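After this come two complexes, each holding chain A, first together with chain B and then together with chain C.
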Partner chain A sequence: MIIESFKHNMAAHCESGTLTALLKHKGLEIAEPMIFGLGSGLYFGYLSRTPNLNFPMFILRTKPGKLRKKISQRTDIKFNTKRFKSQDEAEQELDGLIAKGIPVACQVDFYYMDYIPQWERVHANIHFITIVGKEGDEYLVSDSYFPKLARIHKDNLRKARFAGGYLAPKGFRYYIESVPETVNYKKLIPVAIKNTINNMIGVQPPFIGVRGIRTFAKKLQAWPKLTRDVDHLSHEIMKINVFLEDQGTGGGGFRFLYATFLRQASEILQNKELEEMSKKMMEIGDGWRNISYFAAKIGKNRDLGPEKLQELGQMINERADAEEKFYKELKLVVNKIK
Partner chain B sequence: MGDNIGTDLKAEIKKMIVETLNMQDITPEDIEDDLPLFGGENTLGLDSIDAIELVMAVQRDFKVRIDDQNLAREVLKDVNSIAAFIQSKAE
Partner chain C sequence: MKEKEAYVDFEPQQLIMYVEKEDGTFGPIQTGSYISKNYLDDFWEKTIKLRNSLLEKLKKNEITAIYFYKTIHDFNDVELSRRTKIPVRKVKQHQKVDRFKTAKLADLQKYAYAFDIPVSNLLQAIVVEDNEKKADSDKSKQPIIVKQTRTENPFVVITKIELNK
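And then the complex of A and B:
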């Protein structure tokens, strides 16, 4: 059984890509950057301590699941969501939905997606895929990061849906019950942009938004004290590159994706100023890409003396300055929209 | 792919690769149009850091942005695919 009408596409980011594909399947044509922007997905957070992770990390988008919740709050799109305690129940329910022709998005541990080369796979409980069929013991998977429909054995999917640890999926799945005929973009775009501005320069704790970027630049200088040796430090520094470029960010730490949203918003609202802001956000993304490259290079070469970390911190602080200026300007632009 | 794309563009791309990645033992002429850039044997053997360097070099030298990592994987397969991408953006 395969849901033939489902169209597989690659996407920049798994969560927005999955959502976009499911909405298109339901008949609502909407682009991935628009989903990302309308869900106020852009973010920054520096997390000194995270459950089950013994090293600081930073995030560049809102918490997994929040994008969909925001979209749900802001539009008349109706989602059906469920978590499970029983693996058997989760599998039986999934089979039943597929048999009815309903594609189902599942939260999974990325590591078990064995159609992806092993060297690219890491344990991350925040990956989203869409199950679009089942043949024998294999499910047919639409994965935003894979060029065509893939297959996964049912045992592997179980492991992926019920992996333990930080942000454990607990069998979480959702599908779309109904979509509106149209989305009121003119009303929602300013609301969503204001939300992002508030996340980045509103009153936030020091580890969130632009303040969080500055905290990251500062705390980074102490990373050598948190690491066992130069290999460990190198690994953590190179993860900056991974978070900015490889973790479904679309590159530039989601900034390119948000820039595309602003360009699409400018077209919908016929607002030239938003188009200019889109270009500025692209340049901000380029700056993050430079950081990504610099971190990867000094990490790979084990060139991790204090002066290099200071240079990296300086580059990150420059991003904070650029983003603060950007959101202040964006606030003026969006406040003018009637 | 790439049959209709000018050899000059491909030569420029090969030069960009060699110069950007500071390759000591390889000349632009050594790189076949369809030689895979990444992977194991019978490839140019580039890694993920080389990839981001090439993404930035393509933007710098050819004024086209590769703003999506999935797109980067497709574009940076070989010289032919880079040339096709640059040409598609120019059209």
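And then the complex of A and C:
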């Protein structure tokens, strides 16, 4: 069976895309950037000592699942969430929900999504998909990163839902029980923006927010010491491009998505200053995009001497300066909103 | 980012980008992946090089199959331990060539599950010489196909070698 009423759309990011699609299915018209902004999804963190990671990495959005939790706290949207110990129980419950016509979002290890090109698939327990049907031994999947509905064998879905390791999904699934008739955007937008400002320039550890961007620029210089050989270093440097552009960010490390949120917020609040801030955020995103192009180029050419890494670090530091200035200005703008 | 600068013609990997449109509004467009369009060959080159270098070490008994697949899947010891539920201490042991044999069959089964391969592949490497240069990058161009099908017996896999017609 397939839930015919569910409309599949690609989205910039899997978590906000899944959430947006489920809300639309339930009758609440809301755009992905608004979900991302209201959930205060924008973030920066440089993770150098996480025990499960082989290599330092940076993150550009809040912890997986936090976006939904924030939306849940800030609105009257009611979610039904569950984790499972038993794989059989998780599968039976999923089948039952689909039979009732309820599309279900599942947290999975991205590696097992075998409809995605092989070069994209890495082990990451932070991917969200929506199950919208089942035919024989295959589930029908709405994945924000795939242009059409896909199919996945039940064995693969089971592995993906119960992969162990860092942020193990443990069969996590959610669906939406009810949505409010309206969302009080005028009240929520300033709250959500202030939360993001705090994440980026508030009192945070040195590896978080704008300070985290500077830590990234500094620590990057030591990456050659952490790699096996020049190919490995090239791979890690080129992943900067993947994290900023390819891995579900909407481009510029989520900055374009956030700029669109600010633009939508400016229209709702009829606030010209927010509109100006949206333009500035778009420009900040362009700077991150330049970094991603530069990283891809020097990685491909194996042009990875200290001077090039310093140049890359300098570009990242410039983003930190631009973002610090931006959030301070945004703070003044949002504090004026009544 | 301006809309016209965002379009990349690469059908195999599509994604959504948010851009400034011609009329000044901000919104999404569907486009191709820039890095995959321009640098995928480099990715495959590095992948094949790494795999071949690890295979050579495996053949010389310098590393174990656990280390081989751990590196391919980009796991570290803690992550592999969590995925297999084998203690980190033992995961470290099983990567030493002189201690690999202390791994139980039940351990190998857990590793195989985490690496998404049949258990038997931890004790063999299937190499098709003619495929090597095209390994992974374009399976449709490989002259030989190796198909491994699981059976109801968790320790037995059927390996078929076929011509790619």
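Criterion: the second predicted complex is superposed on the first by the 337 of 338 C-alpha atoms of A that agree within 3 Å, B and C clash if a C-alpha of one lies under 4 Å from a C-alpha of the other, contacts with A are read in each partner's own complex, and residues count from 1 in each chain.
Criterion: a residue touches a chain if its C-beta (ideal position, glycine included) is under 8 Å from a C-beta of that chain, and two chains touch if they have at least 3 such contacts.
The structure displayed is predicted, hence computed values, not measured ones.
After superposition on chain A, the partners chain B and chain C are seen to clash. In the superposition on chain A, A:118 contacts chain C only, with no contact to chain B. In the superposed model, A:296 makes contact with both chain B and chain C. More residues of chain A lie in contact with C than with the other chain of the pair chain B and chain C. Judged by the touch definition given at the top, the superposed model places A:54 against chain C, while chain B stays out of reach. By the touch criterion defined above, A:285 reaches both chain B and chain C.
Of the two partner chains placed by superposition, chain B and chain C are both touched by A:11. Once both structures are laid onto chain A, the chain B stretch out of 3-11, 21-29 or 57-65 that overlaps chain C is 57-65.
Shared contact residues of chain A, touching chain B in one structure and chain C in the other: 10-12, 144-145, 147, 241, 245-246, 248, 250-252, 256-257, 259-260, 282, 285-286, 289, 292-293, 296, 300. Within the complex, the chain B residues that touch chain A are 48-49, 52-53, 55-56, 59, 65-70, 72, 74. The touching residues of chain A, counted against chain B in their complex, run 10-12, 144-145, 147, 241, 245-246, 248-252, 256-257, 259-260, 282, 285-286, 289-290, 292-293, 296-297, 300. Taken in their complex, chain C has these residues touching chain A: 1, 6, 12-20, 25-28, 30, 33-36, 38-40, 42-44, 46, 49-50, 73-76, 78-79, 82-85, 113-114, 116, 136.
Looking at the complex, you find that chain A touches chain C at residues 10-12, 17, 32-33, 51-54, 111-112, 117-120, 122-123, 144-147, 159, 163-166, 168, 231, 234-235, 238, 241-242, 245-246, 248, 250-252, 256-257, 259-260, 263, 278, 282, 285-286, 289, 292-293, 296, 299-300.
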